[in-house]
Amino acid sequence: MKLIIAYIKPERLNAVKQALFKREIFKLSVTTALGCGQQKGYVEQYRGVLKEVNLNKKMRLAIGVNDHFVEQTIEAICEGARTGHIGDGKIFVLPMEECVRIRTGERGPEAIG
Amino acid sequence: MKLIIAYIKPERLNAVKQALFKREIFKLSVTTALGCGQQKGYVEQYRGVLKEVNLNKKMRLAIGVNDHFVEQTIEAICEGARTGHIGDGKIFVLPMEECVRIRTGERGPEAIG
Amino acid sequence: MKLIIAYIKPERLNAVKQALFKREIFKLSVTTALGCGQQKGYVEQYRGVLKEVNLNKKMRLAIGVNDHFVEQTIEAICEGARTGHIGDGKIFVLPMEECVRIRTGERGPEAIG
Amino acid sequence: MISKVFYIVFAIAFLSSASAFAQDSASAEAVQQNLNIVWTLVAGILVFFMQTGFAMVETGFTRAKNAANIMMKNVMDFAVGSIAFFLVGSAFMFGKSAWGLIGTDGFFMKVFEDASNWNWTFMFFQTMFCATSATIVSGAVAERIRFSSYLIYSIIVSAIIYPISGKWAWGGLFNPDAAGWLGNLGFCDFAGSTVVHSVGGWLALAGAIVLGPRIGKYMEDGKANSIPGHNLVIATLGVLILWIGWFGFNPGSTTSGVGDIGRIAMITNMGAVAGTVCAMITACIIMGKPDLSMTLNGCLAGLVAVTAPCNTITPVGALIIGGIGGVLVILGVLTLDKIHIDDPVGAVSVHCLNGVWGTIACGLFNAEAVLKLSDKSTGLFYGGGFHQLGIQLLGVAVYAAWAFGLGF
Amino acid sequence: MISKVFYIVFAIAFLSSASAFAQDSASAEAVQQNLNIVWTLVAGILVFFMQTGFAMVETGFTRAKNAANIMMKNVMDFAVGSIAFFLVGSAFMFGKSAWGLIGTDGFFMKVFEDASNWNWTFMFFQTMFCATSATIVSGAVAERIRFSSYLIYSIIVSAIIYPISGKWAWGGLFNPDAAGWLGNLGFCDFAGSTVVHSVGGWLALAGAIVLGPRIGKYMEDGKANSIPGHNLVIATLGVLILWIGWFGFNPGSTTSGVGDIGRIAMITNMGAVAGTVCAMITACIIMGKPDLSMTLNGCLAGLVAVTAPCNTITPVGALIIGGIGGVLVILGVLTLDKIHIDDPVGAVSVHCLNGVWGTIACGLFNAEAVLKLSDKSTGLFYGGGFHQLGIQLLGVAVYAAWAFGLGF
Amino acid sequence: MISKVFYIVFAIAFLSSASAFAQDSASAEAVQQNLNIVWTLVAGILVFFMQTGFAMVETGFTRAKNAANIMMKNVMDFAVGSIAFFLVGSAFMFGKSAWGLIGTDGFFMKVFEDASNWNWTFMFFQTMFCATSATIVSGAVAERIRFSSYLIYSIIVSAIIYPISGKWAWGGLFNPDAAGWLGNLGFCDFAGSTVVHSVGGWLALAGAIVLGPRIGKYMEDGKANSIPGHNLVIATLGVLILWIGWFGFNPGSTTSGVGDIGRIAMITNMGAVAGTVCAMITACIIMGKPDLSMTLNGCLAGLVAVTAPCNTITPVGALIIGGIGGVLVILGVLTLDKIHIDDPVGAVSVHCLNGVWGTIACGLFNAEAVLKLSDKSTGLFYGGGFHQLGIQLLGVAVYAAWAFGLGF
C-alpha cells in the first residue's frame, strides 16, 4: 500500500477530484497548505508599504491506495492539476505498512478502499 | 519507528486523546482536514440554490511512535474514534527512518517520546 | 528520496525558511497544526471559567529532498527552530518511493528540486 | 410613581389633538406638542436601534456556528412581536382597566382616528419597548431553543405577558383613567427596570432553567466548561449600540421635549460608566485580570439599574446605583455558573438581577426635593422614610412571581 | 400626490426665511419652522445611515475577497454623488421647470443666501435621497464591475438620471411652481418607492444583465451554483441599519415636525414586519426551511413597498402591502436565478419589483378619508375608483422605460 | 470666534430656566428653548456614537489578536473620562476664569439645581466632546500601550488637559463671563478642529513617539513592514459611524435648533466627500491603485478640516478645505512611516495635521459676509485681511506647544 501526497493549486481541486472519481478513486483527504517553490511570491501594498508574500496557497491531498492503483492515481492528479505553469505542484509517494478502517477494525489492502 | 496518521471525526478528538493518554502516549500533532470517503456529503441551500458539499470535516492526527507502541496506538485511536458509523475514518502506518528532537538534537527511538 | 516532516513553533518559521534558503533548499510546504507534547498547555479564562488549552499552535513543514540533502535539511531546521525550550518540536524522516513534478510529469530525483 | 411631566403632556395632547395640523393653530402649545412628538419619535427610533444591539451582543457572545440562527431569532421576534402588540398587546396594556389588572378595549389600535394624532407616536414608542422586553430572553436561551418554539414564545410575550405587566405600572400613561393597580399605589419605575428588564430577565431565567445548559457546558464531574464567544468586536459594537439606544429609552420615557431629557441622559450615562468601571475592577479582583466580556456586562448592568430611578436621582446617586449594579452582575454571572444555569450572554444577571436592584434603588435614592421636582424626596437616604421602599419591594415581589411563574 | 403638509411647510418657510435667527421673531410659527428643520435634519442623518446599511448588506451577502472592493465602491459612490448632486443634480431636480421635464436653474445650489435658511436642510435631505438611489445598483453589480466604470456610472446617476426622475414626481417640493409633469397629474409616491427605489432597481437590473453573471455562478449545464455570502451577521446588521434609516426616509419625507411622522413611522414598521414574516413563511414553504438571507430581503421588500403609500394607508393596509412585498421578493429572487440574471444581494427583487408594487399599491390602498387627510380616498379598495390606479400605472410604465432604457 | 447664536441661546436659557416645566409658560421662547435642548441632546447622542466609530476603526486597522484589548481601552477611556470630566474637568473648563486660563468653581457639576435646566443638556454634550478628544490617542498608541497606563492617561486628559485647552477657546460657551483668553482674542474654532482634534492629535503624536514603533514594524535595515489591519469592513463601518457622529458634532455645536444646523451639516458633508475623493486620487497617483484604508483616512481628514470653519465658510470653501485635507493626510501617513513614527490607524495625520489645517483655514476661507452672518468676512480670501489668520496661527502654535509638550 502507498500513501500518495500531492500539493496542488487550490483552484484545481475540483478537477482533480473529478479525474480521480473517473478512475473510481473515491477516498481522499484534503488539507489547506502554503507552499514555496519555483513559483515566486507576490507583492502586496498596505498603506503605502510594500509586503512580500512568498508562500502561495496550496491544497494538500492525501490518498491511501493499493499498489496497483498508484499509477492511475498519479495520472489522475496530473490530469486534473496540470496547467503547464510554475506552481502546479508535486506528488510524493510514500510506502505504507498498514491501514486500518476504524469503523470495522479491518486491516490491510481491503481497508483502504 | 513509525508515523501513524489517522483521519477521524472532529468530535471524537477528545475521546481519542483520552484513550491515548491512558496508554501513556502523550505526544501528537493535529491538523484540520476535509475528507471524502464512503460517507456521502450533504446538501446545503443558499437563497434557493442547492449546493452539494461532499467534503466532510475531519481531524488528521500524526503520531510518531516506536515500533512496539504501534499496536497500542492503533487500539487507542480505534477505541476513541469508533462510533460504528460510516465516516469513522482511517489509520495509516508509515515507516519512519529517523526522528530528531529539535531542542536537544537527540536522534532515533529516544527522541520520539 | 525522503520526505522530511517537522513540527516547529510558528514564530520560528521565518528563521527556518532563512536557514533552509542559505543551504539552497527552496521548496517546502507549510501547514498549520496543533501539537501536544512535553510542553504543557496553558490556562485561559472566559467569564470566570477556566479553560485548559493543551494543544499549542505549531507549524508543520513538509520538505521532499534527495538522500544527500537530508542531513543539511535537518541541520537547517534545527538551526532555525531551536530555542532550547520545551516545545521546540520534532523532525520525522520518511522514506519516499517516488516523486512527480505535476507541471512536466518528470519523475524521481530530478523532480524534487 | 409617574412623572408629573406625563400628565401635562397628555393634557396638551388631548387638547390639541382635535386639529389635524398643528400649524393651523400656531399656538406655542401646539408647537410644544409637535416637539414632544418629534422627540418621542426620535427616542423610539433609538430604542429600535437596541434590537440591533441585542442581536450583535448575543451573536458576539456565542459560537460562530449559531450566528445565523441568532440573527434569525432576533429579527423574527421583533417582527411577530410588533404584530402581536399591534393587534392585542396594546389594548391589554392601555385599554380601559378591568380592576387595574388588564386593558379591555382598543384592539387593533382602533383608537387612532386622526392622521396627525399624538397617539401614533406614543404607540410607536411603546411597540419598541415591548420588543425590547421580548428580545431579552433570546440571549439567555441562545444556542439551544428551537426556532418555532421561540416564535410562539415571542408572540405570547408581546401579546400577553408584557402588556399585562405593563398595565400594572404604566397603564395610566396613555390615559390616566386606565392606570393599573401598582401605578395607583405609587410604584416607581420611570423607564422600566422592572416592567421591561426584570420581566424579560425573569422569563430569561425561567427559560434557561427549563432548557437546561448547552451540551458541553458542564462536564460530568460538574465542572463548568467555557464556551467562548466568537467575536468580541461585534459584542462590543452591540453594547455601544445598546448604550445609544438607552439615550432614547430613558430620556424618551418623558415622552416630551423638555429640559428634563438632558438631565435623564446625564444620569443614564453616569449609571453606565459607573457600572463599567466597577465591573472591570470587580472582575480584576476576582479573576485576576480585566475581562472584556464582564466589563461589557457591567455597562449594561449599570444602565438597567438606573432605568427605574433615572428621573428622580442625582448624578452622584446614579454613580452609586450603577456601580453597585456593576458589582452585582459579576457576582450574578459567577453564581449562575456555579449552580449550573447556563446563560451564554449574562442576560439574567444583567436584566433580572439589576432590574430588581434598580427598582429597589428608587426607594433608597429618590431625591425629588434635591432636584426640585417636588417638595419631598421619597428615597430612604434622602429622608423619605420606608414608604416608597415598601411599595418598590412589593412591586419586585409581584413581578418576580408573575413573570418567573409564567416562564415555566 | 404631494401631501398637503408640504405646502403648508413651505408657505411658512418662505414667510419666515427673512429673519436670520428665528429667535429674533419669537413667534410660534418661527419655532415650528425651526422644529421642521431639526426634524428634517435628523431624518436626513438617518437616511445617511442607510449608506452604512447598504455597505454592510452588500459585503455580508458577497465573498470575503471582495469586501474591500465593495466598501470602496459604497464610500466613493456617496462621495462623488454628493458632489455631482450639489453641482448640477439639484438644479436639474428643483430648478425652474422646462416643460415639467427638467430643471434649468440653481446650479451649484446658488439659491441659498441666508445662513439659517430652510433650504440648506432641505437640500441636505435631498442629497441623501439621491445617494440612496445611486447606491442601490452597487449590490446588483457587486463582485464584477470595474471600479472606474462604477465611479462614472455613479456620477451620471447622481448628476442626471436621478434628478430628472425626481423632477417629474417631486419637482414641486422645493418650489411648487417647478413641479414636474407626473406630479401635476397627481402621481402618488410619498417617499420614493418609484423615484428612489424603482429607478435604482431598474438601473440595477440593466446593470446585472449587461455585466452578465459572476464567473462560476452558472455551470455549463445551466445549473445555478450558490456563492454564499461570507458574513450573515454583518448582513443582518446592515438590514437593521437600513430599517432604522427608513424611519428617517419615510417620516422625514414630511419635512415637517408634526404628528403625522409618528403615524408614518408606525406604518413603515408594519410594512417591514409584514414583509419579514411573509418572506420567512414563503421561503419555508418553497425551500423547506427558514432562510435568513431571504427573510432579510423580505424585510427590505416590505419597507420598499410601503414607501410610496406610507402617508396615505392604514396600518392594516401596510400589513397587507408589506406582506405581499415579502412574497414577491422571494419569487423574484428565484425567478431571476432561473433566467440566469445574477444579482448577488437581491437588489432587483427588493428595489425594482417592490418599488413597482408599492407604487401600484397607492392606487389600491390609499385611504385618505379613513385617516381624515381629505374627504375622499383615492384607493380602489376604499372606493376611490380607477383614476389614481391609472395614474400610478402610467408612472410605473414611464419610469420603467426611462430607467431601464438608460441603464443599457 | 463664538457664534452669535450661542449668546442668544444662553440669554434665553437664563431667562427661562426659572420655570421647571417649559409648558407652564407656554411662550414661544420657552418652546424654542426646549427645541434647543432636544436638538443638542440628539446631537450629543450622535457624538457619543463616535465612540463606537473610533472603536471600530481602530480594531479594523489593527491585528485580530489585539481586538479585545482595543475594545476594552475604548470602552474604559469613555467610562473613566466621563467620571473625571463630571468631577473636575467640567469645572476647569467652564468655571469662573482665573486669568482666562482655568476654571475655578463648579466641581461635581454642582451648578445644576433645576431638574429641567438647560445646563444638563449642555454638559451632556460637552462630556461627549471631552471623550472624543481623549479617545483619539488610543488609535495612535494601539497594540503596544499597557492597559493601566492608558487608563491613567485617559483620566488626566479628561480631567485636566482637555478642560484647560477647552477653557482657552470655549470657556465662554456656558457663561460668557468665564471666557478664556484665546476666545477673547477672537480665535475661531467653531466645533473643535483645534480644541478637540488637534489637542488629541498632538497627544497622539507624542504618545506614538514615546512608545516607539510596534515590534516588527521596522526591520533592522530600516525598511518599513506593513502590519495589515485585520478587518476593513469593520473599519469602514467605523468611518461611516464617525461620519454620522460628525453630523451631531458640527451642527450640534450651535447648541440651538435653528436653520444654521442644516447649512453646517451640508458644509460638513462637503468637507467629508471632498476629503474622500482627493485622498483616493492622491493615493492612486502615489501608490498606483486606489487604497481603501487611505480613502477612509481621507474622509476623516476632510471632516476634521472643516470642523473649525464649518459655521463660517461656503460649500465651495468646504470642498477646497476638505480636498486639501484629503491630500495632506496621505502625505502625512507616508511621511510618518518614513521617519519611523508608527501610527497604526493614521490618527496623527487625521486629527493633528488636519486639525491644524482646519484651524488655519478659518483665517483663509471665513466668509461671514457671503453667508450674511455679519457685515465683514474675516477670511483672507474673502477680503478679511491677515488679522484673523494671525490669531489662528497663534492659536495653533499655543496648542501645539501645550499639548505636544504635555504629551511627553
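First chain written, first letter: the chains are A, B, C, D, E and F, and each begins at residue 1.
Here is the rule we go by: a residue touches a chain if its C-beta (ideal position, glycine included) is under 8 Å from a C-beta of that chain, and two chains touch if they have at least 3 such contacts.
From a predicted model like this one, the values you see are computed outputs, not experimental measurements.
Asks: Tell me, which chains sit next to both chain C and chain F?
Replies: Both chain C and chain F are touched by A, D, going by the contact rule given at the top.
Asks: Return the chains common to the contact lists of chain D and chain E.
Replies: In this structure, the chains that contact chain E and also chain D are F.
Asks: Count the C-beta contact pairs for B-E and for E-F, then tell me which is higher.
Replies: The comparison resolves to E-F.
Asks: Averaging over Cα atoms per chain, report the distance between chain B and chain F in Å.
Replies: Chain B and chain F have C-alpha centres separated by 57 Å.
Asks: Centre to centre, by mean C-alpha position, how many angstrom separate chain A and chain E?
Replies: The mean C-alpha positions of chain A and chain E differ by 51 Å.
Asks: Touching two or more other chains, which residues of chain F qualify?
Replies: As it turns out, chain F has residues touching two or more other chains at 27-28, 31, 35, 38, 42.
Asks: Mind pulling the residue numbers of chain A that touch at least two other chains?
Replies: Residues 31, 94-95.
Asks: Looking at the whole structure, which two-chain pairs count as touching?
Replies: Here the touching chain pairs work out to A-B, A-C, A-F, B-C, B-E, C-D, D-E, D-F, E-F.
Asks: For chain E, which residues count as touching chain D in their complex?
Replies: 4-5, 8-9, 12, 27-29, 31-32, 35, 38-39, 42, 46, 232-233, 236-237, 239-241, 243-244, 247-248, 251, 256-263, 265-266, 269-270, 272-274, 276-277, 280, 290, 292, 295-296, 299, 315-316, 319, 371-373
Asks: Write out the stretch or stretches of chain E touching chain F in their complex.
Replies: It comes out as residues 17, 20-23, 26-28, 30-31, 33-35, 37-38, 40-42, 44-45, 48-49, 51-52, 55-56, 59, 67-68, 71-72, 74-76, 78-80, 82-83, 86, 108-109, 112-124, 127, 147, 231, 234.
Asks: Which residues of chain C touch chain A in their complex?
Replies: Residues of chain C touching chain A: 3, 17, 26-31, 62, 64, 94-103, 105, 111-112.
Asks: Which bits of chain C are touching chain B when the two form their complex?
Replies: Where chain C meets chain B, its residues are 2, 5-8, 31-38, 55, 58, 60, 70, 74, 77-78, 81-95.
Asks: What does chain D use to touch chain C in their complex?
Replies: 224-226, 228-229, 283, 286-289, 291, 293-294, 330, 333-334, 337, 346
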